[in-house]
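Two complexes come next, and they have one chain in common, subunit A, joined by subunit B in the first and subunit C in the second.
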Partner chain A sequence: MDKANRFLMIFGRGREQEKKDRGMRKGGLLDRLDRLSDTSTAYLYLMPTLTLILLTVFVPMLYALFISFSKVAFTQGNMTYDFVGLSNYMQLLSDARFLNVLSNTVFFTVTKVVATLAIAFGISLTIYFGLWGAGFFKRIFLIPWALSNVVNSLMWQWMYSGDYGIFNEVLLKLGFIDEYQMWLVNEHTAMSAVLFADIWKSVPYVALLLLAAMQSIPRELHEASKVDGGGPITAFYHIILPHIKPVIMVLLVIETMWTLRVFDLIWLLTKGGPQDSTMTLNVFAYEQAFRNFDLGYGAAISYCITILTLIFTFFYMKTLKVEN
Partner chain B sequence: MKKEWWKLKKSLAIAGLALVTVVSGCSGSNAGENGEAGAAADGDKGEITVLYVGDQFWQDQAKEFEQVSGIKVNYEVVNFTEQHDKLATAFAGGSTEYDIVHVRDDFVAEFAPKGFLTPLDDLITEDMKANISDNYFTPMMNDGQIYGFPRYLWPWQFYYNKELFAEAGIENPPSTWAEFTAVAEKLKAKGITPYAEPWGETFSYTPFIVHLRSEGGEFWDEEQDIPTFNSPEGVRALQFMADMNLKSKIISPQSVQYDSTAPLADAFAQGTIAMMMNAPHTYPLANNPETSKITGQVGVALVPGAELKTASYAETGGLAIPASSKNKEQAMEYIKFVTSTEQEKAMAIGIGRIPADNVALQDTEVQEANPHFASVAEQMEYPYGMFKHEKAAAISTEVSRHISAAVAGRETPEEALKAAEANVLKMIGK
Partner chain C sequence: MNYTATPRRTLRRALKGILVRVISLSLMLYVLFPFLWLVLSSVKLPVELLSRPPVIIPEKLTFKYYANLFENGSFMTAVWNSLIVAGFTTLLSLVLGVFASYVFARLKFPGRKAVFLTILGSQMLPQMALLIPLFILMRMSGLLYTFQGLVLAYITFSLPYVVWMYYSFLQSLPHEIEEASRIDGCTRLQSIFRIMLPLSATGLTATGVFVFIGAWNEFLLASVLTDSGSRTLPSRISEFIGQDRIAYELMFPAGVISCIPVLVLVLYFQKYIVQGLTEGGVK
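And then the complex of A and B:
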């Protein structure tokens, strides 16, 4: 096709002729669809997914928001709503347990995300540079991630058991403890025990993504660095880190969101105890909504988690200064 | 151009198909209902979903019902300690999934006023009630209506290991808590772990109730609907529990991780503790060579007393039909079958539950298989009922948190009961 015809086709006459040839009626549905802009076409493609997300995510979110401003009661199996404004949120701020639960949540989230990233970084660098143990890590490091959350929780419950837990047995044999400890029912150790179990499960996924990001770095950059006399430390700071910064940002946000949402592990291991030492906002919301049947209060607590997620995300974006 | 046009048409078709899928997915339940109705009209007797614990006996019983009635049973297994929350989330979410659920006294008190359970008064026939005393129906009632059909009683009795007693030179089980301490000291001197109680943070209110009652106190004033555990009797009871751990050290340190009676019964059956309070299922469990190391060594007695000769704690286990069930008729058939005298007998012999059916309870075969039933009648002459309230789950968790704190020495008994009472009063708006 020469340039002139191509121009005509793009800017009108050629395209119009093409439609005529295919029997498209001017102003008809097909004609109108054909005239859609690229943006509109993109939305059309996205419509099924957006509809699903709207129905399964945004509608429940809006419903939960509505509930958080209501006092919900059950009569004859039906829910009745009494609009109470900010009352549930005010109740939360004056709840004697709230500050402790909030600080547990922040501690759990920050410790878990930082520790996970640090360990995952170590593993991915080991594999990337083919250091000692790289082969071993490559073969086994995805196993924890492959386990379901419930299986992982039950496994750790047994391992931590004060009666027969292998965790106790190993520590006893290594001489770290004198007798079996009840890690999950001691308020000084429960949080660390839960954190350890969660980090163990999360590290593989983070390590995998970091490794993938590292492997996408062009080899030429490393070669150029070597030519200029740069060692592994230079390569890490000036090639790897800048290159994988966007991935770190994504991982920080995703891991933070996931950690703030952790429920099954904590519920199965400690139910938020002992003495609220592992009680996070998520478990607290569940307890209020489904043990105390205060759905409005539970929904208000859930919205606190959303606010906390936004605060964390904003903090990451500001700190890491990642554009786009 | 043709290619572009084809792509556009294709994407429209995919979008349309996805929308249809979403919409049809949303209305899937209606389609299902119509489908079921159609099947039923074709002579299918329908199906029900039962939610309860996974003991083989209950599952076999469901299969037997399936064969007898032609009604298909989907038996969904749940851990007993998770049962309340599973029901609560299902009910609050308006689930129509379950047709038969297990209820106990406090579940009825919590779920019936919210309209989550079906009143059974009009569905229960005189035949079904004939062998069951009214006492069994009372815990299953709310506001004068029956919401659960009782099938067994679950009272705590006092269990001891005869072999370990003989080793420590002890002849008889203790009849008071003071005697109990002396017995426990003897066992401890022999290097035996004397005793354990379920002191987990959601369950420790239960042994506390037993100690409180034996001191002459009570947990709740049902007339005025207020807590009464913060009393001199309550402080004495909690002090006794704390002393067992902090002073005389006669209780297993593992107690704080037991959040139900099941792990406690296992520890007893493994011979790791010499005494405990537990429910009647312990007897067959501890005498079964497959599950126990102490077969033939199980002694059962009245729970020791203090101000009262004895006191206990007992749940009534029953079956209820959720209000949201779409198969109430078939569900009622199931209740009728599993609570028949024959099935109640099989239950008592098979898994040691005390049958609600009097004829089954007095059956010679049942009594021979369960010699520990003999002392139940006397135990039931003293306080034993379960604490009931619409907010029972939240209240018991709150009290348990403070009981656990007191027995661990983090709070004094006075502080623990005072704080628990204040929080419970706030919870019930008083």
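And then the complex of A and C:
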């Protein structure tokens, strides 16, 4: 190597090194940020998210607790608070409607979760064991999940219509009813009608997760069972069921949590009526807070929902931990 | 070869084939019928729409009411509002969520688990419990009935969701390429923007699609936090139901229009949506 070249190399490297040193010493903001430790970087990057969640979730939740201890009144566009202690909660406990609302909520939740899982199970099994037109089915399968609750309620209200509903026509043709029924206005049928619509929407998601669990079963297990002379029923009980049990557990908890917060569909289809027959805690809270403008009472009711949800969240976390 | 058994076997196979087809068709009908019926109803003239017994296949299709909606000022405002609100919700929660997910997927630091659970847990709180204080706080701060207010309320739910979903996508991505880029002199931000984001583009898109659909469809918060000027599509459509005369012929096309962006997204991104739904245990 000749002298000149060596000189250039050293000179070049020196320049580069010098630049780097200068960058390290003075550096722009970006350089300085880049030298932060992992912990500082983590909290720096998390700051906007945490601030937002603090401001829009935790502060409001605390504030809701305060509201639930007050009577809020609107006078000439101004809001006034009266601290009333536990009286909103007392009012709830002594409310003649409360017990009914609570039992509706429990009924709605249990029925919906069980029925959704059962139907979804049937669908995922059908897909798993070979479905005619599977490609097409997989394309349309998520439609109920994707539609908004407003559109969902629009569709079902129309199908249930006591005047022009296709649902009535089909049942009439099949001989189940003698004349058109007002499904959503009859207090004996409204609950089932709403449930049916809500289940329809929830099934695809649950079926999808069940199917994913089934498809993760190793093929060898099935082959081994066939070699041992087991039929489809043996395969179902001894291979599929044990394998997807963890997913079923998780789904039970998730679905329960989600069903506890169902509001849109019930509100849009029946507003909780007729005669409170479809009134659940969520609808009740909304009605009290935004129809009767008793925000304190509404907050107290929604705190009850929160506590119920937290209990289930706790179970959820625990189930997840067990499964992992 | 057993000749006597062949016809019986053929028959059994044929029966099985028919049974499979019947079950499959009824499943498809169950999943598809309500929506098909809505679409059919949206192109019927009132004569056939309001008939008893219902007319299944209309003799004459009409797109008159779709056209009416496009000329309806308040409806088009609602479409526009929905686009703005859903768009900004998606954009903001992705921008913030990318950094948060990066932190959880790539960095080790004290308090990691606690912070992660706090962010995820905040999504599990029922919306109803948040709505009442949000309504009052927004009323006091002047955010009530504004896009900013609604977007803020949506971010509450979409941001934890983005963190969770994008985080699980990032975890399935190898660290090595990023680490190599760091050794080669990329800054942390460069390795995020030049390496991690392009590599996880599909995950990011899927997450964005989820957030957009959620915000586009949302009704509860919108029904309280918007007024006639800032109504989004779902709350505008729900008003059709409450009008003195139920405007069926407008309601159904409006419903169909509100589904179009969502259905396009779902059909186009099907693969990633399925992946997102099965990976994250969150709806």
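Following the convention adopted for this analysis, the second predicted complex is superposed on the first by the 220 of 324 C-alpha atoms of A that agree within 3 Å, B and C clash if a C-alpha of one lies under 4 Å from a C-alpha of the other, contacts with A are read in each partner's own complex, and residues count from 1 in each chain.
Methods note: a residue touches a chain if its C-beta (ideal position, glycine included) is under 8 Å from a C-beta of that chain, and two chains touch if they have at least 3 such contacts.
The model shown is predicted, which means the values in this text are computed figures rather than measured ones.
Student: Look at A:232 in the shared chain and tell me whether it touches subunit B only, subunit C only, both, or neither; answer first, second, both or neither.
Tutor: Neither: A:232 stays clear of subunit B and subunit C.
Student: For A:185, is the partner it touches subunit B (first), subunit C (second), both, or none of the two (neither)?
Tutor: First partner only, subunit B.
Student: Between subunit B (first) and subunit C (second), which, if any, makes contact with A:163: first, second, both or neither?
Tutor: Both subunit B and subunit C are touched by A:163.
Student: Where does A:242 make contact in the superposed view: on subunit B (first), on subunit C (second), on both, or on neither?
Tutor: A:242 sits against neither subunit B nor subunit C.
Student: Have a look at where A:295 lands relative to subunit B and subunit C in the superposition and call it first, second, both or neither.
Tutor: both
Student: With both complexes superposed on chain A, which partner does A:218 reach: first (subunit B), second (subunit C), both or neither?
Tutor: neither
Student: Which partner chains sit in contact with A:320 here, subunit B, subunit C, both or neither? Use first/second/both/neither.
Tutor: The second partner, subunit C, only.
Student: Figure out whether A:28 sits in contact with subunit B (first) or subunit C (second), or with both, or with neither.
Tutor: After superposition on chain A, A:28 lies in contact with neither partner.
Student: Could you let me know whether more residues of subunit A are touched by subunit B or by subunit C?
Tutor: Result: the larger residue contact count on subunit A belongs to C.
Student: Mind working out whether A:52 is in touch with subunit B, subunit C, both or neither, as first, second, both or neither?
Tutor: So A:52 meets both subunit B and subunit C here.
Student: Across the two complexes, what residues of subunit A are contacted by subunit B and by subunit C?
Tutor: 33-34, 41, 45, 48-49, 52, 163, 289-290, 295
Student: Which residues, counting only subunit A, touch subunit B once they are in their complex?
Tutor: Per the touch definition, subunit A meets subunit B at residues 15, 18, 22, 33-34, 41, 44-45, 47-49, 51-52, 55, 74-78, 161-163, 182, 184-185, 271, 273-276, 287, 289-293, 295.
Student: Can you tell me which positions in subunit C touch subunit A when the two form their complex?
Tutor: The touching residues are 17, 20-21, 23-25, 27-28, 30-32, 34-35, 37-38, 41, 49-54, 96-97, 99-100, 102-103, 107-110, 112, 115, 117-119, 121-122, 124-137, 139-140, 152-153, 155-156, 159-160, 163, 187-189, 213, 216-220, 224, 234-235, 237-238, 241, 248, 251-252, 255, 258-259, 262-263, 265-267, 270, 273-274, 277-278, 281-283.
Student: Residue numbers of subunit A touching subunit C in their complex, please.
Tutor: Contacts found on subunit A: 30-31, 33-34, 38-39, 41-43, 45-46, 48-50, 52-53, 56-61, 63-64, 67, 72, 79, 123, 126, 130-133, 136-144, 146-152, 154-159, 163-166, 169, 172, 180, 200, 204-205, 208-209, 212, 250, 254, 257-258, 260-261, 263-264, 268, 282, 285-286, 289-290, 295, 298-299, 302-303, 305-306, 309-310, 313, 316-317, 320.
Student: Where on subunit B is subunit A touching in the complex?
Tutor: Touch list, subunit B to subunit A: 1-2, 5, 8, 11-12, 14-15, 18-19, 22, 26, 84-85, 88-89, 91-92, 94, 110, 114-116, 200-202, 253-254, 256-257, 263, 267, 323-324, 391, 393-394, 397, 401, 404-405, 410, 427.
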